[in-house]
Amino acid sequence: MSHNSFGHLFRVTTWGESHGPAIGCTVDGTPPGVQFSEAWIQTFLDKRRPGQSRYTTQRQEPDRVRVLSGVMPGETDGELVSTGTPIALEIENTDQRSKDYSEIARRYRPGHADVTYDVKYGIRDYRGGGRSSARETAMRVAAGAIARLVVPGVKLRGALVAIGDQWIDRTRWDWDEIDRNPFFCPDAETAGRWADQLDRVRKAGSSIGAVVEIVAENVPAGLGAPIYGKLDADIAANLMSINAVKGVEIGEGFAAAALSGEANADEMRPGPDGRPYYLSNHAGGILGGISTGQPIVARFAVKPTSSILTPRQSVDADGNAVDVMTKGRHDPCVGIRAVPVGEAMVACAIADHYLRDRGQVGAQRH
Amino acid sequence: MSHNSFGHLFRVTTWGESHGPAIGCTVDGTPPGVQFSEAWIQTFLDKRRPGQSRYTTQRQEPDRVRVLSGVMPGETDGELVSTGTPIALEIENTDQRSKDYSEIARRYRPGHADVTYDVKYGIRDYRGGGRSSARETAMRVAAGAIARLVVPGVKLRGALVAIGDQWIDRTRWDWDEIDRNPFFCPDAETAGRWADQLDRVRKAGSSIGAVVEIVAENVPAGLGAPIYGKLDADIAANLMSINAVKGVEIGEGFAAAALSGEANADEMRPGPDGRPYYLSNHAGGILGGISTGQPIVARFAVKPTSSILTPRQSVDADGNAVDVMTKGRHDPCVGIRAVPVGEAMVACAIADHYLRDRGQVGAQRH
Amino acid sequence: MSHNSFGHLFRVTTWGESHGPAIGCTVDGTPPGVQFSEAWIQTFLDKRRPGQSRYTTQRQEPDRVRVLSGVMPGETDGELVSTGTPIALEIENTDQRSKDYSEIARRYRPGHADVTYDVKYGIRDYRGGGRSSARETAMRVAAGAIARLVVPGVKLRGALVAIGDQWIDRTRWDWDEIDRNPFFCPDAETAGRWADQLDRVRKAGSSIGAVVEIVAENVPAGLGAPIYGKLDADIAANLMSINAVKGVEIGEGFAAAALSGEANADEMRPGPDGRPYYLSNHAGGILGGISTGQPIVARFAVKPTSSILTPRQSVDADGNAVDVMTKGRHDPCVGIRAVPVGEAMVACAIADHYLRDRGQVGAQRH
Amino acid sequence: MSHNSFGHLFRVTTWGESHGPAIGCTVDGTPPGVQFSEAWIQTFLDKRRPGQSRYTTQRQEPDRVRVLSGVMPGETDGELVSTGTPIALEIENTDQRSKDYSEIARRYRPGHADVTYDVKYGIRDYRGGGRSSARETAMRVAAGAIARLVVPGVKLRGALVAIGDQWIDRTRWDWDEIDRNPFFCPDAETAGRWADQLDRVRKAGSSIGAVVEIVAENVPAGLGAPIYGKLDADIAANLMSINAVKGVEIGEGFAAAALSGEANADEMRPGPDGRPYYLSNHAGGILGGISTGQPIVARFAVKPTSSILTPRQSVDADGNAVDVMTKGRHDPCVGIRAVPVGEAMVACAIADHYLRDRGQVGAQRH
């Protein structure tokens, strides 16, 4: 079962609520000998961390990760080496202003999971969204930092490609731009327009959706399996499990529906290394559920957060009609911070399939 | 692991190649006492069956399903009652014209899984696509027929909503139209235009993509789980695992990215039964991974089949440049026959979550 | 979940009742390129087959296995080569004398699962024990025949070491004797005594228990995992899942409780190949859940079958007191036929762990 | 996969090494509304805690458990109520005398997992046994404390029934004695003899094995499943996964091999409540993998710990012949502290099967 776990051989189990003492995860299946450090994980957590620009929530969380198991000290200061046993990661919750949320303890915020949690469990931790808070995604990012190291040479990068109906111009795509604006936008010109757009949204107390694109390069050909162990099915589940995600696509995605078979199929020629060389990548790097060796391209749509300052009609736990207005801090566009989360989820899927094919410890150990 | 299985408590394992002696599946987890018949399963298989109109492949397969285990005879002729043990389903392959495929034994058809199978396994059953043939989806449909009976009252229906870039007009949506045209199209007017369009595609030896929408009504509120056991994540994986699917979305899906938080959140009022009554369903019936009780709405994009009559550049298993042209029978729009498959995959996901919450045998038995 | 499946990367799912049309299984995870034949599987099925001596049930089942998927023809006649896709195996049920069992449709045979099935499911296939019949173990033997080929060089053998309280003399252990008597007994002298003993039991319409020992040689060191993926825990579950098994032990097993730490620990010296050479094997080839490279030794206790000709007190489905007497054919000592089943279950556990470490397709394919 | 997890719907994942900063676990699947407290968990941890008598290791660990997630405060002080989300439990490691172990960093202690870890992973945390330390079992006990509350009315108790070859006299069995001696011995007279025996063992720097018996009362009839989801197979795996366990049996266990079918089958009569009343319990409460409603009786054998003060022949990581002698603190009979661990593992198996049948949240919530 996988209520709070994902992956099979690279298996991540997360726990923790937004306003409990801590959040954490267990990463089970990391091969022995993988070198990393808390600082390495922190690099990716910092990308996801709120409060870094006026376009994300002002909640301040240092999000300092601790590695509690599964490692031995490496040769240099701070370096850790995995031992093959489960790696426990933990982040203390330090900014727990529970009072912000007391008012909504029994009121259901429209578009949030408040009502479905109550229907299902009859009890919920209402403080800051509890378990359904996007805070849980910090642990995905932490686990993903380790996943990146499992497949030698693999390169995971993500970008925001649309905010609202404003899409980037793909002809201007420049990966170097990603770190130069607060949107992970690969197109400097569009980033400027997004800044204006988000200022308007933020001032109006509103929110807006976005589309994220993840590209994984240097993924070995042959990962995945033909039917239900499909690499793209696992990527789809991993991405759809991120808070607020409502759609996932691979390669051409929904646009493939409008293409002819001639236009969509990726032709091949013999490559210099004897392997097939693809003349295009409409498939997004996956054919029949198995990686082709081309870059894997996945996109996902993030809905506008329902935490907005405009009162909305709703009900409370007693069945009364009420109006609900978010007062806490919020993100005008949660899609921005979803970029490192998406990278992590794709990294975990690839690591999992890599280990299925190659095994957890590898032939060299026997 | 789930190479060839899906689901946890309602668990389906399929096997079989396009041109082997048979295909089959095991449905494990059906509660005891579920009444069905081979004729019931056949109803759904017949919808998926090829050769029923000029718009689908002319391969003739009676696709007669047999129930080999997990049942006792019911009270009326042909009726079966599940016993709680695994239900094995099997369909003999009768139309195995292997000669059609001999030419492509070592040639990789662009857009097909030929090349990735060879890279991964070093061996493949090239006859009719072997394991990667859409024929495998017959067993999903058969398993789905049983899944429909697991959740009392649930109603699963699907429709084709776009072929190529021609979308239906949703204001004309009429479920009764679905059975009146060969496209599962809920809009009679659009169905007429699709007929012309597909005739052109078929005569050109080309193919085209499509978008399918699945609607599940009467799903109890509270199914799913908040993080990785999300109902929408499982639906996404199930749909993405169908051959040729490249995108999946729930409710507003990708369109949600362009909405504001005000427009996208579904407001609530107290319903006559004391439960929340939703004023809209942008969420597609799932909030925080848990069903709301509203209809669950999922869509998926099916790429144009790569089996086309135009020669395409490719390589063979020896690394030579070759031209490949499909000679066998093929579907100009595989999206049509994907409708009953999509229904089945959503039905299985819902049945699985229903059993997670309520248990396989239920309190009444103890 | 694993209602009717076992293993993770080498995963077996079985289905079928004693008196249904057929029984079968799906073996998922076999690496590509494994060469075998139906005749190879038949070799092991024939060992388990009833009716071969007067000491086993006279039910006549040819138990002819068919391979329905997952293979391509090999180079020689009858040879098959696995393709990496699921291998479906099936045996038709040909000797279905349902009339033998009509009397016990509503009566619970003491010591059988009749009563627990009815309590759990409220319905059961009472013909020949239905799903709980030992007939299901034929599919385990079939799957095990493939498992033996997954780990290169591994050698799986089993022997009966006790019938009732008559144990073999281990100083006379001779593997060659196994095939020379109808008991898989490695000690010719004891085999003679068992023959007399079982004749008495059979004539009395009674039954008796037994202990089986399985030895796996040439298992690579390093298989297993330290905590819940322990090789010995998986072997224990696999063996305990065989019908009528009530105890499992590894190496010294229960006898270890009476030893001192000095006597029980296996000392080591450097071996000629630089690897540790063990001076004894009290551990039965597993330390901390991981194989040492020594022979893996597992034993399991099989209870006397409850199918006896003496009337026993019981109840029926309506709560009435009744007397129950087995009239059908039965085995005086089901432990005998459990030998090939035990071999198969250990083979499957080892294959599963081998694939976890080395991967399903291996590094050579990428 | 289950490298470091067990259970399906009641799923426990543990992490942590003996001398790392902490150990912990995640308990996923606890139904909402279960009331407990840290003090409740502590009750069971204290039973397992070392240093409580001269018969167990003198390592001092307060083993103070913290609940980090998955709960809301209850009505009384310290009371917690589960919310249905994962419950994280953690214990800090406070007594980390790493210097004790430095000498054996590269020497393999015979009978320990040192050598197999190195063969498998090529790296290991040698401090205090690292991951293979019995310290890990504290988290099983903690998880088991919650499992006990999942099945209403179930009562889990364990006892030591043999130390070395000295068995208790079952006619003197008195559960009240369990808490009156440091051995969990239900027979006061035998407890006295064990005290003498263990004093000799301890003074000799030696160790000795033991047999533990677990009894679960008030388990509902009908839990388990017929083939691989067998309740007894899961109990066997759970118990065999405990450190140093080499054998597991249910009911009569190995003794059943010596019985006749007449003697071993449990006869039934109609009970006062209309349900079957069993005249004996040779089956140990499980028939065909499904609980009968009688007490479930399981036993397991614990080998003598290999940590002894007598030098033993071994090798080091460089392949040299060395002598190894344990200098650290150790248990002369690790079987004693295995009693609460065994109780916990059986409790978890029963909780898991209960949820499979009844579901995680139950019908009442929908």
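The letters A, B, C and D name the chains in turn, as written, and every chain counts its residues from 1.
We adopt the following convention: contacts are C-beta pairs under 8 Å (C-beta built on N, C-alpha and C of every residue); 3 or more make two chains touch, one makes a residue touch a chain.
Just so it is clear, the model here is predicted, and its values are computed rather than measured.
Novice: How many degrees of rotation map chain A onto its copy chain D on CA atoms, rounded to the nearest 5?
Specialist: So the copies are related by a turn of 180 degrees.
Novice: Please identify which chain has its centre, taken as the mean of its CA atoms, farthest from the centre of chain B.
Specialist: Comparing chain centres, D lies farthest from chain B.
Novice: Report the inter-centroid distance (CA atoms only) between chain A and chain D in whole Å.
Specialist: Roughly 38 Å separates the two chain centres.
Novice: At what distance in angstrom does the C-alpha mean of chain D lie from that of chain C?
Specialist: 27
Novice: How many angstrom lie between the centres of chain B and chain D, each centre taken as the mean Cα position?
Specialist: Distance between chain centres, rounded to whole Å: 45 Å.
Novice: Going by the touch rule set out above, which residues of chain C reach two or more other chains?
Specialist: Expected reply: 1, 3-5, 8-9, 14, 85, 119-120, 131, 221-222, 226, 356-357, 360-361, 365-366.
Novice: Applying the document's contact rule, which stretches of chain A touch chain B when the two form their complex?
Specialist: 1-6, 8, 14, 108, 110-113, 115-117, 119-120, 131-132, 136, 162-165, 201, 206-211, 221-230, 232-241, 243, 246-270, 274-276, 279, 283-284, 287-293, 301-308, 310, 312-315, 319-321, 335, 356-357
Novice: Where on chain B is chain D touching in the complex?
Specialist: Against chain D, chain B makes touches at 1, 8-9, 85, 220-222, 226, 355-363, 365-366.
Novice: Which of the residues in chain B end up touching chain C in this complex?
Specialist: Residues in contact with chain C: 1, 3-5, 8-9, 11, 13-17, 20-24, 26, 28-29, 32-33, 66, 68-70, 72, 81, 83-88, 119-125, 130-131, 360-361, 365-366.
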